[in-house]
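The two complexes that follow have chain A in common; it is paired with chain B in the first and with chain C in the second.
Let's look at the complex of A and B:
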């Protein structure tokens, strides 16, 4: 991921010394001028709000009056009143949302990876209608998440839903299932809709990696009569592994932030609440800016930690194998 | 054996196609049905009744919602591309100290969870007097689109051959002229790709739009659809919701079908090549 940044060679015209350095200097000045607007805007709309969120997490701010608050230290996270522990870290709903998010991420990304590889292998084969197929699988990805959540809400309706109707007709279930309301099925339902929506993204990233593989390896394997399944595990999978890891990391980071899908599909239900849904509920519905910001800060730290680990791992890999 | 595996392959292709398309197909079928008809399941369209489509615009300012979405997404794309191309030129073509670190910082912003900036952004938008306005949403959405626009355009910028701007510099052109006259035309295909991705991101954005708007007239499409209710909370107008879903999905599907290759190129440039 970082290779292009680390190794990028920028063309510096080779010319007479004096002129070259003044040219270089003026270009460097231009570079900063060109970058400045973007940096200022990003500092304003990303850096500053993040800093304020972290600050709010140490205050008792209320959404109705954001300018009137007091610094209360770590009390939003953990506080002891008369021997009783309070705060975010003692809230079973918060831990429930952490568990839901982690479970959702692990299960949905695993399923999406396997299905993504299958779809990518199919799209990598030459068959009539391949272009059309590629366009078709892009459709779930392009449909707004809110819209797809509502479409599935309707399909999964406990009384009039088409999914229950199909399963009843096929004799797979005896009675209609209340997909999104039943604690046993709710999170699986969320996973299913997420798989439907984001497998295309996974498949396209894997497909791009597959198409960069050299063809002669497969020719050799075919001549030697190696079984295709063996070729896949011995040749294809190791070769696409770097791209696969990038795709999995991207997806996992996305899944850890999940909000739209769960909010629309199951509202603020405890059974499926993700960390982002929990934070927004505290922040907006309960107006508890302090507690909500504390939850937001923890989410940020969790994701930042994952990014740092990934980047470190990426750097180690690049160190071994300079491109 | 060969025939069998051929059949298996095609069954798999058909299954994937059906799985991908069925929800949208079913939304279309449902959008033509209303009232008690919706209490039974229909797999095939029975008639072509547009009353749900009329109801979407009657019962709430859905036309206004669509216009809001177009304004927000259009402005977000324009600003992202304008800032993105100049920044990408600097990142992609000029060597300067701290470049790699800055680029990593910008990439890190695109990993920010939206909810992590929510309370700070709420305060910012309030203090700028932009609460419940479209400029507020445009500003907030830039956090989502600007980082990857810069990132993807920079990777495209690097791939252009070295000699391109040398001749112009020898002729005494300033960097600004080089960006405008030399790189802007060359970057047009890449700009279309990133612009499309930015448009889709902004068009689909929900959390900011839900939190930073108050009245139905100012909402963009996603919160409008998410908050659509019937006469009572328990009686959702599913036919109308499906009609609204079809309306806002059709333009996106048209974009995807027309620009399929470009979108895929942009997605993979952002992830694999970078």
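Let's look at the complex of A and C:
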């Protein structure tokens, strides 16, 4: 028997710079032509507002009169007046909203991931009515967030809410709970509604990954008598990990800029205020375009930083992609 | 080491019955090959033995125990899959050790088994590699290694060579035969390739549409096919079939009238056959000779040169095409007219129902010099 054939070290011809053929040049030109419309639109709808927000964050602009402002440098972020530190970075409410957002993201995405895997595993099994179940499970995700948040608001209402009513009748609580107003329950309530709403999304992405798995290795595991739980942790989970990471990144990015759910459920409550809610409050309620823009810019930086970290970590892991 | 006994085993998927009551005795240490065309139920039968599918009716015994209700892991079997079924994220070592870890074997014991199997299959140098870094032949060897380490009573192979290229297929085939010689384990092997079946099997089981057509040693099947299906399936190129009529019946032979006028006395037991009945005459391409006084005339349509021998496709009139295999280079060109002589002692005769008539004792002797080239 011959020895193993080493793979992957086929020499790749190195591109010689400056000597592109006319065919290559025309291909490059065609490629630019094709992506130009998207680039222009992106620059208009994403690039320009972002640049303007960053610019406003260095000014004292006011929502009443956006044409009259002065450049004030980093004063919106941090400034020292007579020995007293002021600015966004010294605002405990801001840091509270950052912490709320991060906590919300960690807890809700974790729960959604676990539940999503469970639901996906169930939906991946063959049982009668599976197609219908797959459609039904998507309903929470299909409802617009504002609608489902209002719906939950009513269900969670301290006087007329069906949830308090049920818990009272079951004798689990002695008095109605003000779910969204009570500081102890408010953020958990938000997490619960978010889990209800986005678990289907997780389940769908994971289900797609599960359906890509080869069936024969499961039969091999059956013949070898490997316990199903062990098969899940040693075979299924490693194999769906790339897809799982993508799903988690998607959801985490979504959760970090959460706004509508929290705003509809609890308005400007400090107990649940997320970074986006904070920025909106500064911008719209307090008309402080400068400060609000500074908060938005920081949100942008925080999310961008987390994306870079996740993608860097993810690429290392994706490098071990089993297939 | 164990025997495998199937008693009236049936399998139904929904309303479709795919296995119609199979009875089969596989002896301890025997190498049995299930062969048949696609969809004949051979893989299903193997999966029933493995326990990957439930048996609808009938009994399955492995090593004397009825195992119908046992999970695959408790049946003392190991299976090698067509697609290798290796865990893509584990290296070769873990692929082989994974199934053992559960069996509460000690680390040292597992390590010893894996390394021994790796040595046997000459994949020791690959133990740290992932399956994607291996060639097809190496992957299949790992899959076989994973079966070996389990020390099974019965090895099950589901078309293990069909994803390999021709040269590797021959090589791996020889290694599987050697594995059988070394371990003396019972082996059940599914293939659609009759060359694999002929070369590997102690006994071949020919399946068709969920039923056993014939069970026998490779040469029994080749020389004494029980019916038209087996006759047509075993042997390459395929046996020639000529529709003809019984012209007369002797005590130890049947006289058939050939198309084009001649008659041929076939040495088979008439067994109640009547003159005038329609029968099918079967003769292998090796037993048709081109000779000036041949009983059949035809026109050569196509010549295929294979080097050590050549094939002539002869149109014998009325769309009847006969294949002739002769040694050496072809001496006839396409378009030329030839006469064909059928070696009557090597002819088979089949009733209209497809059933073969028993040959006379002494006929169709396996010592014929023509047979050296018949299994290619």
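By definition in this document, the second predicted complex is superposed on the first by the 279 of 323 C-alpha atoms of A that agree within 3 Å, B and C clash if a C-alpha of one lies under 4 Å from a C-alpha of the other, contacts with A are read in each partner's own complex, and residues count from 1 in each chain.
Assume contacts are C-beta pairs under 8 Å (C-beta built on N, C-alpha and C of every residue); 3 or more make two chains touch, one makes a residue touch a chain.
What you see is a predicted model; the values in this text were computed from it and never measured.
Novice: For A:196, using the defined touch cut-off, is the partner it touches chain B, chain C, both, or neither? Pick first, second, both or neither.
Specialist: first
Novice: Output check: A:294 vs chain B and chain C. Expected answer is one of first, second, both, neither. What do you get?
Specialist: The answer is neither, since A:294 touches no partner chain.
Novice: Which partner does A:27 reach: the first (chain B), the second (chain C), both, or neither?
Specialist: first
Novice: Does chain C touch more residues of chain A than chain B does, or is it the other way round?
Specialist: Looking at chain B versus chain C, the one contacting more residues of chain A is B.
Novice: Does chain B (first) or chain C (second) touch A:177, or do both, or does neither?
Specialist: neither
Novice: Figure out whether A:273 sits in contact with chain B (first) or chain C (second), or with both, or with neither.
Specialist: Touch status of A:273: no partner.
Novice: Looking at A:248, would you say it contacts chain B, chain C, both, or neither? Reply first, second, both or neither.
Specialist: neither
Novice: Could you look at A:265 and tell me whether it touches chain B, chain C, both or neither (first, second, both, neither)?
Specialist: neither
Novice: Which residues of chain A are in contact with chain B in one complex and with chain C in the other?
Specialist: Looking at chain A, the two contact sets intersect at 1, 4-5, 8.
Novice: Help me check something: in the complex, which residues belonging to chain A touch chain C?
Specialist: Listed in rising order, the residues are 1, 3-5, 7-8, 214, 216-217, 219-227, 230, 234-235, 238-239, 320, 322-323.
Novice: Which residues of chain B touch chain A in the complex?
Specialist: 9, 12-13, 16-17, 19-21, 23-24, 26-27, 30, 38-41, 43, 83-84, 86-87, 89-96, 99-100, 102-104, 106, 108-109, 111-124, 126, 139-140, 142-143, 146-147, 150, 155, 158, 162-163, 165-166, 169-170, 174-176, 179, 200, 203-204, 206-207, 211, 221-223, 225-226, 238, 241-242, 245, 248-249, 252-253, 255-257, 260, 263-264, 267-268, 271-274
Novice: List the residues on chain C that touch chain A in their complex, please.
Specialist: The contact residues of chain C facing chain A are 50-52, 71-74, 77-79, 81, 83-89, 98-99, 102-103, 122, 125-126, 129-130, 132-135, 138, 146, 150.
Novice: Give the list of chain A residues in touch with chain B in this complex.
Specialist: Those in contact with chain B are residues 1-2, 4-6, 8, 10-13, 23, 26-28, 30-32, 34-35, 37-39, 41-42, 44-53, 56, 61, 63, 66, 118-119, 122, 125, 127, 129, 131, 133-140, 142-152, 154-155, 157, 159-162, 165, 196, 200-201, 204-205, 208-209, 243, 246-247, 250, 253, 256-257, 259-260, 263-264, 275-276, 279-280, 283-284, 289, 292-293, 296-297, 299-300, 303-304, 307, 311.
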